[in-house]
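In what comes next, subunit A is part of two complexes: it sits with subunit B in the first one and with subunit C in the second one.
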Partner chain A sequence: MSKFMNLIAAGLASGATYGVFGACLTIWFRVCNVLNLAVGDFAMLGGLGTAVLIQVHGVPLGWAIVLDLFGVGLLAYIFDRLVLHFAFDRGRSEHGIVSVFFYTFGLSLAIEGGALLLFGSDLRAAPTLWSGQALHILDFNIERPAVLVIALAIVSGTALWLYLRFTVSGRAASACGESLIGARIAGIDSAKFRRWIFIMTAVLAALFGVLESPIIGFTVQTGPTISLLGVVAAGFAGFRRPGKAVVVGLLIGLAEALIQGYVSISNGDVILYGALFSVIIFRPSVLGLSALA
Partner chain B sequence: MSLTSGALEVENVAVHYGKFIAVSSASFSLAPGDFVAIIGPNGHGKSSLVNSLAGLVQRSGEVRIDGVPLPSRNPKAAVAAGLVLVPERRHLYPGLSVRDNILLGSYVKTSRFFAEKAWEDVADVLEVFPELSELLNQRAATLSGGQQQMVALARAMAARPAIIMLDEPCLGLAEAVSKRVYEWLVMMAATKVTILLVEENPVHALEVADRALEMFKGVMSVPDMATFAKEQQP
Partner chain C sequence: MTIAPEEALSLVDSAEAPHSRLHRFVYGSAAASRRDPVPVATALFIAVAGTALVVGLNGQYFGTVVGFALAYSIVAIGMVVQLGYAKQLAFSQTVFMGVGAYGTGILETKYNFDTAETVVCVLLIGFVSSLVIGSIVTRAPGLALALATLLLPLFVSTYLGNSNYFGSFTGILNINPLWGTISNYNNAMTQTSVIAVLFLAIVTFAALRVMRSGVGLQLMAMSEDERLAAGLGTSLRQRRLEVFVFGSVVATLGGIVLASAQGDATYFLVAESAQITLLIILFVPGRKNVLAVIGGAILVEYLSTSSDFMSTNLATFEAIVLVVILLIEPNGFVALVARIYRFGYSKLRPPKSGAPAPYEEVTE
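Moving on, here comes the complex of A and B:
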């Protein structure tokens, strides 16, 4: 029983990573139909940037987090004004969605290169925000930083779900992805939604990086791996439902942990992804892709 | 209804796409409550004209609503001033419900935060389109062409417009459905909203409109109705 409960705790902690990034990817995809492949790199900037500000420049923890999140938000804003604005608002019909997709891929590479210059190639971690011994709840142990990561996944997924489901602004954000012309004739400023949700997801990813880096440690190459984990959860949420992406992310994390705990550590990922691809092939409706029709 | 009364003045409006001139000169005015059709063959600038008035494309020239100038390429300003477009091919939000499609027509005017409260403010459009009451939770993509056109009209009415511009509202619809669309337009006209109807088929348009304007090779003119009627006879 203890082993099972500890696997559940470990699964929730790793599943939170899938969930947060699935949520970040889906909310922006919902607004502009493009995957942001740089979202993992924003997390890397959160973890490494905060660590370097504290360890190299001696900035206090609280200020380091504030400065880092502000910097990430500013970077996202500048990228939107200099690149996305021209791609979406000025020449989208000429460039197409595929080109814009590669802009975020290019941003990912640029962030990685810039981070290598600024932070070096060392493994680093921001200090944990909640230190102390592992919590013992019911019959399992869970590290305190992992609790924060799970909480962030649940809070962000719930907040995004509530925003889309219950607010006029959330409906308008969805409309931008459904029909750009339809949104414009209703007076909805699609550029504003694209910009602010891009910035919000960048800052959310960076906050995740601050919380996650004490658990696994980050290098400048951590970003793309995290982005890919998010794509899996986002895909199973139909690329449009951030709340569902968090739930799916947590379930994938649980399945991963249980397979590795009870079936095979070395082949756990192969079995898990085989099962996931089987679902995609034989029950594509679970992806919710009909919503894109 | 809108705070504006629905007088529209268009003066020397021109629309260019690079070197291509879609509208070289258009001037006309509508009084509040007018129902005017813009007729003319496809590709002669009718859609470009109404798209430019709605702020979707850049234009030159002067546009005034109740005497107040309307900025170019600013759809939000157009909707806020009471000028609303029902575009060709409708451009609904296919993955959203009928309720959300209608609700978002009021996006510029509503100050509500929660969608449910905002819906209460626009639900009265169902009095004009009662058939939509049973379809509110259905996704727009699953509706028939006629039902989608009804949603597009209801979305426009939810904006509390003073002036509605309709671009080819019967395009792609069966004859029987087109007749229904024209019945809805007559019902909307009864609410005293000013209507500018773009229609390639002059026979249909002149059945419901008070008068007509013609666009030909990007130039607007007033057609000679006597000659026009003779040309349309079988």
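Moving on, here comes the complex of A and C:
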């Protein structure tokens, strides 16, 4: 029983990663029908940037986090003004395959390269925000940073769901994704929503990186690896529902931990990816993607 | 190239003509082959220029640039048809490169097949496996296909890295060159590269024949509007599967070339980083232009080994170039050059007064 509960705790912690990335991806896709493939790289900038500011430059923890999040937000803003603005607002882009994937794919590669120059290739971790011994609840132990990560996933997923579901601003943001021209006729500034939600998700991912890096440690190549399952979680939420993306992310994390615990440690990921692949292929309706096909 | 609607429709209809598809694919209809020498001429150009280049290099760059450049060129030409032309969102090319490379390694080192037998058998394995996988994955709509094929390299590379049968992290070593013995390295690599150039020419011919035929027009129609294509009588499912199999078999061939040129097959060539390199090679030079992607593959592989600074920062440069090119001209560098040329030409040579208006202006 103890093993099972500990696997559940580990699964929730890793699932929170996929959930947060899934939520960030879905809300931005809902606004502008573009996948943010750089979301994992923003998280990497959060974790590594904070670690370097503290360990190399001696900046206090609180200021390091603030400076790092501000830097990530500024980077997202500059990318929007320099690239996304021209691609989507000035009609310079060919919509479809290029716009859906490749602008943010380019950003992801550029961030990775820039981070390699700035931070080097070492494994680094920001200091934990909640230090101390692992919490012992009922029959399982859970590290304190993992509690923060799970809490961030649940809070951010819930907040994004509430924003989209119950606020006028959230509905306006959704309208931009449903019909850009319709939204503009109704007086909605689609560029503003695209920009601010892009910045908000970048900062959220960076904050997540600050919380997650003490658990697993980050290198410059961490971003794309951990964000890929976020893309899958977002896919299972139809790229539209951030709350569902968090739930799916947590479920994927649980499945991963249980398979590794009870079936095979070395081939756990293979079985998980195979299972997800099978679901996507044989039950594509669960993705809710028919409208996007 | 401007095609009148009636001509487009007749070409689409001709794709379903009752005589042998293989015959039509290789030779084209008599009229079409007279009008369109481009596939044969391009393939001949690649065969002659490529052979001259690899013979002229005389062993230089063979361990690094040439093998990767030729292999990635072959794979990228399959992607021109699959991703660039038909816009099929499949990211499984590295998996089939893995089929080619590991298939070659296993048949040669564990079952003592000779090179010719290995190439034929591995291509057959690639064909059958792509047919089986393709018949499943091409049923997935739009982004679901992209998602599924993004997962494929992930779990295949993880499995290969863990499997003792496939050599786990070190992979399969001591794979023979395509022609010659490794004891005479320079000769073997030159001969292997010549064979690879011939493969490249054949693949280029096939890709151009597909794109410039009635089937190519059907694929173009599908990429723009699937309902329209279905309305014109295109079998969407069949065409999707054909495109997937074409891209996958070509990627298998690329894997064979890479394993033979490098002498090993490791799980790195299946990983996401290899897929990213292929996407850069496709999208920056021009996703619909076979010569451009060959040039792109050579340039990327050359730059990756040209200096420490360049190899360290190549991904950053590639990313910046990718974003800038896509922003200015989504069809890539070649289309940008063509646009600049047309702009300059129109400024220098204004149309004569009284000249007949171009066809498209009349129809519009």
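Keep in mind that, in the parts below, the second predicted complex is superposed on the first by the 281 of 293 C-alpha atoms of A that agree within 3 Å, B and C clash if a C-alpha of one lies under 4 Å from a C-alpha of the other, contacts with A are read in each partner's own complex, and residues count from 1 in each chain.
One rule holds in what follows: contacts are C-beta pairs under 8 Å (C-beta built on N, C-alpha and C of every residue); 3 or more make two chains touch, one makes a residue touch a chain.
Remember, it's a predicted structure, so these values are computed and weren't measured experimentally.
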| item | value |
| --- | --- |
| Touched partner set for A:173, first subunit B, second subunit C, both or neither | neither |
| Partner chain in contact with A:266 - subunit B first, subunit C second, else both or neither | second |
| Subunit B versus subunit C as contact partner of A:239, first or second or both or neither | second |
| Subunit B versus subunit C as contact partner of A:52, first or second or both or neither | neither |
| Which superposed partner A:186 touches (first subunit B, second subunit C, both, neither) | first |
| Subunit A residues touched by each partner, larger count belonging to subunit B or subunit C | C |
| First (subunit B), second (subunit C), both or neither touched by A:224 | second |
| Touching partner for A:86 - first (subunit B), second (subunit C), both, neither | second |
| Set of subunit A residues, in rising order, touched by both subunit B and subunit C | 292-293 |
| Contact footprint of subunit A on subunit C as seen in their complex | 83, 87, 89, 136-137, 139-144, 146-148, 150-152, 154-155, 158-159, 162, 272, 276, 279, 283, 312-313, 315-320, 322-323, 326-328, 330-331 |
| Footprint of subunit C on subunit A - complex, ascending | 83, 86-87, 92-94, 96-98, 100-103, 105-110, 112-114, 116-117, 224-225, 228, 231-232, 235, 239, 266-267, 269-270, 272-274, 276-277, 280-282, 284, 287, 289-290, 292-293 |
| Subunit A residues within the subunit B interface of the complex | 166-172, 174-175, 178-179, 181-189, 240, 291-293 |
| Complex interface listing, subunit B residues touching subunit A | 54-56, 75-76, 78-80, 84-85, 87, 90-96, 100, 103-105, 107-108, 110, 112-116, 118, 141, 155, 159 |
